[in-house]
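Some structures are shown below for you to check.
Two complexes come next, and they have one chain in common, chain A, joined by chain B in the first and chain C in the second.
So, the complex of A and B:
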């Protein structure tokens, strides 16, 4: 136990970084997911193609490869971000593709009549989405979105590979000093579990709060 | 329903001019791929006129309605609403759609919004009316269609007849120039049909321009100025309701009437 308590500040720092990375990335991925899902149902063929390409490319590459590429290849052409920012951008872009698919599934649960009624009272395409389609479509997929957010939380640990000292990297660093991997990584694992539980609880709460009266 | 005592549900700023065409359809064709659904349809509806459209299933009645507010895009032909041709896509089309109300068979109320919020959405977001004013007008409309006490309910908590009356109020809140009804009572239990028809009759009496797809002969007799009979994508016969039901001129209309009057 001393191995953990002696390094509480390092581990705590890592935990905070993980939480920060998760929150920032979730917000980014959600916004991106909504935009890409919207592209995929747009009446304009070119926009639909762009949306599809985005999802196909990002879902079919390993996140780790994307991270490494972004962090090590971009500086070659003169583009460089702080490590945390780089990790957040790449993870948001990657999870955004998954969220886009979940959101699109939600949109598909909204009856065609809803969109027609929205257009019939004179709402534009984007107003229909914003006031009629998305509020109902998102409600239908709160649970899958929550699951993707949990996956996102776990994936933040890959940021360690490009030098972000989040929880996993912090645990690794502590382990280099203490050499007690079972204890240290079990502790880190429990912290991840706790965070995942919180996301799960929050999702459940949202789902109950926002349920559409049927 | 006595139109003289009714408050101005229609809310139009102009006085009725019976001769002014509100809807003009000329040479309208609609194809779904190889399927030719509307074939050279001509129709003029004057301001304040009520036209009932009847015809067998698949004859193109819904498609005609949907072409009028461009939920379907015509393959050929000209459509004008109050003298203005239907714009293509975009903001202008949205603006024109706001002037053409539509009431659907399946109500299509927005499930996540209360009845009141269903009705104020268009006025607030499209007409840019203040929220308080929009709520006031919405309450007056709900009162008029007899469901003011349901304002804070969600659509699923209302009966079919109440939902359809709310849908009519939603369409009216936009102060449309024309109202389209596509079989507004077909999805209703029989005991709820009249509560919806009564609202429609009073609208007609107040001078609303209406195009109504329905097989409710009672409504046609009470409220319609003209009955338009469609068959196989064409308008086959046009006549005042009494004339049409008593003595249809075409064989196809006679055949159709004998079928629907049997049950």
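So, the complex of A and C:
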């Protein structure tokens, strides 16, 4: 156990970075997901095409490839962000595509009559989305959104490959000194599991609070 | 939701996805860096033949050296040596995409050991991360680890080390136009790029406690990051830096190596017999000049001067 306890500050720093990255990215991905899902159901064909393109491109490329491209290829054309920011942008964009599909599924559960009624009483497209469709649609997919957030948490470990010292990289660095991979990565794994359990509990709670009783 | 949603046909969305992927791949190709960079830096033409000649002349163990029930006998029966190593380390162990052969100092030594035990240079390389080497050896998933495995007292409590078979050191590289950094001591207060899971991660804070460290997964990424101003310097093994500087005119190596890294061959900790066998083999190839020939054909292609004197077997704490 000494291998873990002797390096608590390094591992703690990594854990904090992982949590920060997860929180920032979840917020970004959620906003992006709502926007892209809206694009995909909008009445304008061009916007629908943009939404579809976004989802298909980002879902069908590996996250690690996207990260490496963003961090190393963009500076070639003069665009460069700090590493943490780069990782946050890429993971948010990537998970945003998955969230968009989950949210779109939620929107599709809302009865057609609801949208028709909303338009009939004079709400605009965006008003009907904001007041009628999204509030009901999002409630229906809280659990899938929670699952995507857990996947997002696990995916933050890929930021280690582009120089962000989060929990996985911190564990790597500790292991480099201590040479006890099983102990150290079990410890890091338990920390990830704990975070995932917290997300899972939170989404469970939200779902019970907000579930639509039909 | 038909008021809001007019779904695309499946065929059309597939075509869109294919188009988008083509665009994305095109972008990847553009980001691929300098096309004139050779795939295998520092590898002289005909290096493969040179190694073949060395392998043909290499010694084979007598039956007396391989007692029944030993690890060596198991390897001889199997007909190939299974090692843990890398396939992406230039000059040390890098798979040639054309021939499929793994080339470099570590890889060639592994072939020599395979020949010594089985009579033919058959090596199966299991690519392992630096974080799983101890576990792989303890589980006997591999016979030995050839992966610039620095001998440290902490690691020696988990695995046994034969060797050291090579001594190298960490050095500093900077961008060509940089004159502010002349040695490792000048790194204080600077942002320094290191390879993730390399000895530099722990060695840098000892020479430059105030340096800010950024780690990248692979050597080409770290070089790219240095050239893109993500850090002021790049700390890495001297020979790797030398080969990197040869392929990338935008960077240069400054000063002498500031650490001494003894590399050992990782072996299961319980297997004292195999460790002694490997140590005897190392002494043999050092004495007959094979070691120097392999060095010259691999690392020697980017470092000027003759092959260095090989390290004394067992000379390091932990070996």
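Definition applied: the second predicted complex is superposed on the first by the 213 of 214 C-alpha atoms of A that agree within 3 Å, B and C clash if a C-alpha of one lies under 4 Å from a C-alpha of the other, contacts with A are read in each partner's own complex, and residues count from 1 in each chain.
Definition applied: contacts are C-beta pairs under 8 Å (C-beta built on N, C-alpha and C of every residue); 3 or more make two chains touch, one makes a residue touch a chain.
All values reported here derive from a predicted model rather than from experimental measurement.
Participant: After superposition on the shared chain, which partner residues are touched by A:113: those of chain B (first), chain C (second), both, or neither?
Facilitator: In the superposition, A:113 contacts chain B only.
Participant: With the two complexes superposed on chain A, say which partner A:52 touches: chain B (first), chain C (second), both, or neither.
Facilitator: A:52 sits against chain C, while chain B stays out of touch.
Participant: Contact-wise, after the overlay, does A:123 reach chain B, chain C, both or neither (first, second, both, neither)?
Facilitator: first
Participant: Among the partners chain B and chain C, which is in contact with a greater number of residues of chain A?
Facilitator: C
Participant: Mind working out whether A:36 is in touch with chain B, chain C, both or neither, as first, second, both or neither?
Facilitator: neither
Participant: Under the contact definition given at the top, report the residues of chain A touching chain B in one complex and chain C in the other.
Facilitator: Of chain A, residues 43, 116, 119 contact chain B in one complex and chain C in the other.
Participant: Name, in rising order, each residue of chain A that touches chain B in their complex.
Facilitator: So the residues of chain A touching chain B come out as 43, 111, 113-114, 116-124, 127, 131-132, 135-136, 139, 212-214.
Participant: Tell me, which parts of chain C touch chain A in their complex?
Facilitator: On the chain C side, the touching residues are 1-6, 8, 13, 16-17, 20-21, 23-24, 27-28, 30-31, 130-135, 152, 154-155, 157-159, 193, 196-199, 201-202, 214-217, 221, 224-225, 228-230.
Participant: Of all residues in chain B, which touch chain A in the complex?
Facilitator: Chain B reaches chain A through residues 69, 71, 89-91, 94-102, 104, 106, 108-112, 121-122, 125-126, 154, 156-157, 167, 170-171, 174.
Participant: Give every residue of chain A touching chain C within the complex, in rising order.
Facilitator: It comes out as residues 40-43, 45, 48-49, 52-53, 56-57, 60-61, 65, 68-69, 71-73, 75-76, 80, 83, 107-108, 110, 112, 115-116, 119, 125, 133, 160-163, 165, 169, 171-173, 175-182, 185.
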